[in-house]
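As structure tokens, here come the structures.
First subunit A sits with subunit B, and in the next complex the same chain sits with subunit C.
Moving on to the complex of A and B:
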């Protein structure tokens, strides 16, 4: 199917530092993180658990303020959640509204943005088709499997027509098979809309499989250990791509970065 | 159909057995205070099917309805906003805790003093008594909204007003609903007590007057009528709640 092509947003992190203060000792979580994500690029952010990946995500989505440094989205400083950004979180059971049907969940942000009813309906339907949830619009999230719920969350994000999609461990709580399907769905979405995509994950395979580039965070406080370009061709394939020698190579490189500098 | 019948039998057999027991035991009673149930039943028919309903039941119910539908929505509105602001909670919580500790019925004399012994003072008493259970439940419901849901709301740039009424209040609806139910029960009690204190009509007035003029059978019919009404209110409330909170029961995996 055809989609109106949108261009992705450009994200720039300049010397971003985060220190949580209060409650005893200050906690220095992120140390001078700098990175540029080009429009339409797919960037994975990996690191050992507890390194501060989620903190970084909160900063660049504007949910939490930076301590110092700057985050720019298309050159505009991010101080609160920007218009062009949408997020998908790990906890799908908590991020969807259980009192609303799938359709109403996807529609709510559009409704509150005062988008006209006809257009809302169109956007909801095309988002449902995009994520493969046809026929489930009038069901409730809790009537769906975990994978399907996460599809609803992705559809909701897409319906607001973001230029950058940010996902925090979106597939960590679904079973292995579903996970592969969702990974390919996310690649399709990026392809269809050309949106810039950021994925925070602890899974190195997933990070490499999906991304143009992998940002590796390590240390306490966390800093950028490496930015690794992934030269594997798109479209990627769950079997072929993962069997490619470069795939294993990159994966090993990242593994050593994370293990070695712990 | 059969399942419905079964459910009805399961939930009603004990009531039937107890009524039969009462009927049997009281049948030859000569005690002035414990008249035979048969006499109470026939007097009940004379009093409440439906001779005195317009005079003694409907006005009471109207007072309850007016008081409830003023007090409860107001509590929802005030509670939702108090729940949002930690400072407001700190300022108002001593006041709220003071007033909630006073039983609703204790306020009745004050309002009789202020508004006289008419329906107005009863409605105000009910509204005030109904206010606090819903207020407290709503504050708590709004205050404890899921952090993930709120992050999502913020990421979609919901205004704080939008996230209050579109996210916090609906997600807290089960808790708020418990508050509304307690409010209804409290309102019912205050409705009766407010009529026992100096009213000329109403179920409470009828019952207390019967007792004071030693019309014990009439008194019993009043008490039974109150029980039936209270029961019906609760059933209606739960039916509405069950419908409105279908999602909550579904999410929790409850089947009935």
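Moving on to the complex of A and C:
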């Protein structure tokens, strides 16, 4: 299998503010968020529930408009869903079409992009292999376990060959072992393709384990409480990395930030 | 094994029991309005030999199916349009719910005046009986589309048309199928009623003629036929539904 080498996209958030209007009182959710994510970087985003993590992802995927500020992907302003970006939504089980097989689900975005049939087939197969779903292509999502469904959602995101992958609490509702497997899968994907990766999680261990850098959001409205670099070496290992003294230190720091400023 | 499980042939026992009780009771009653089960079955057997019966059955079936198809063909696009448009949905909701519960028999005299006791009259009435429940179901189906699916497609830069094709329509399909199931029963009933009450062609009319003529064994024979037709049609529709909407409830 060949992985055409791609480089990740560079993402820049400039003073991004979001206020939801309509349906009663206005809700000021995000306040002057600025951040730069370098090509190929892995950024975890953590923060208490309801702080605005999903909102932030929706803004940078162009699904929801910003109130003020700018989001730039490779220097280009994001106003609608960018070609080079793929997202795995928080409700991933609901994001799969129950009337389509695994293969057809993965193929759908390629069809929408009007990619030729042969090429679509190739990409679907390599995405299925990448996430370890060999032999499940003709099954339906509801015939799969939660962890496997999540793999389908990831495969679907990968098939469109994005340069930036954005995931919203992707492992929140799978069992512990599956979660570790999926974490390592995401790291492998980043390694294989060099894509820029953003992952929202409420699990501080997970945030540190995966990322080059952790963005901590706190407050109402939310602001960037800290950007914490994670100096742990890659490839990471579920046992060794987590046992590293720096690991405990970093997660403690993040915990303090979130608990202290809630 | 299917037959090893008593649950699977319970219906047969209860059916046999009912016929037996009918037979026992009817032989002790006035024979005129309560013919015995054996008399009814003889009448039924004789009826099945006549071309007239099969003609009637065919006409009744034709009326139901043509009315059903016209009704669905009209109702589905209407329902989809109404469901897609918030304004249309809000402004028609009350009227649709209102029309849905009006039995077609209410408008029967009106349609009868328009078309006389023709097959057109019967079909029009069936369409009326089918239309609103399917429109309403299609509307709800559209509105039941999971916003997560729509977001997913939007994130892939899907056009409005693509969102309709890949999310809205498949989401509405189970609802349309349910509406069709309800409508199919309605279509069969209405096609009989048009003959029974409005003297339109078909089994209903023959039944009413048998009743007026005091031929009670035939009346009951028709009732048995109608029941069997109803069951068969329902089974057929359920089987089709299961095949097409295989993801229902998933």
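The rule is short, and it goes like this: the second predicted complex is superposed on the first by the 260 of 262 C-alpha atoms of A that agree within 3 Å, B and C clash if a C-alpha of one lies under 4 Å from a C-alpha of the other, contacts with A are read in each partner's own complex, and residues count from 1 in each chain.
One rule holds for everything that comes next: a contact is a pair of C-beta atoms (placed from the backbone, for glycine too) under 8 Å apart; a residue touches a chain by one contact, two chains touch by 3 or more.
What you see is a predicted model; the values in this text were computed from it and never measured.
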{"item": "Subunit A as common anchor, with subunit B and subunit C clashing or fitting", "value": "clash"}
{"item": "First (subunit B), second (subunit C), both or neither touched by A:140", "value": "both"}
{"item": "Partner chain in contact with A:63 - subunit B first, subunit C second, else both or neither", "value": "both"}
{"item": "Subunit B versus subunit C as contact partner of A:23, first or second or both or neither", "value": "neither"}
{"item": "First (subunit B), second (subunit C), both or neither touched by A:114", "value": "neither"}
{"item": "First, second, both or neither for A:94, with subunit B first and subunit C second", "value": "both"}
{"item": "Contact residues of subunit A, present in both the subunit B and the subunit C interface", "value": "61, 63, 80-81, 83, 85-87, 89, 91, 94-95, 97-99, 108-109, 112-113, 140, 142, 160"}
{"item": "Interface residues, subunit A side, partner subunit B - complex", "value": "61, 63, 80-81, 83, 85-87, 89, 91, 94-95, 97-100, 108-109, 112-113, 140, 142-143, 160"}
{"item": "Residues of subunit A defined as touching subunit C within the complex", "value": "61, 63, 80-81, 83, 85-87, 89, 91, 94-95, 97-99, 108-109, 112-113, 140, 142, 160"}
{"item": "Residue ranges of subunit B in contact with subunit A within the complex", "value": "146, 148-149, 151-152, 154-159, 162, 166-167, 170-171, 173, 247-248, 250-251"}
{"item": "Residues of subunit C that touch subunit A when the two form their complex", "value": "146, 148-149, 151-158, 162, 166-167, 170, 173, 246-247, 250"}
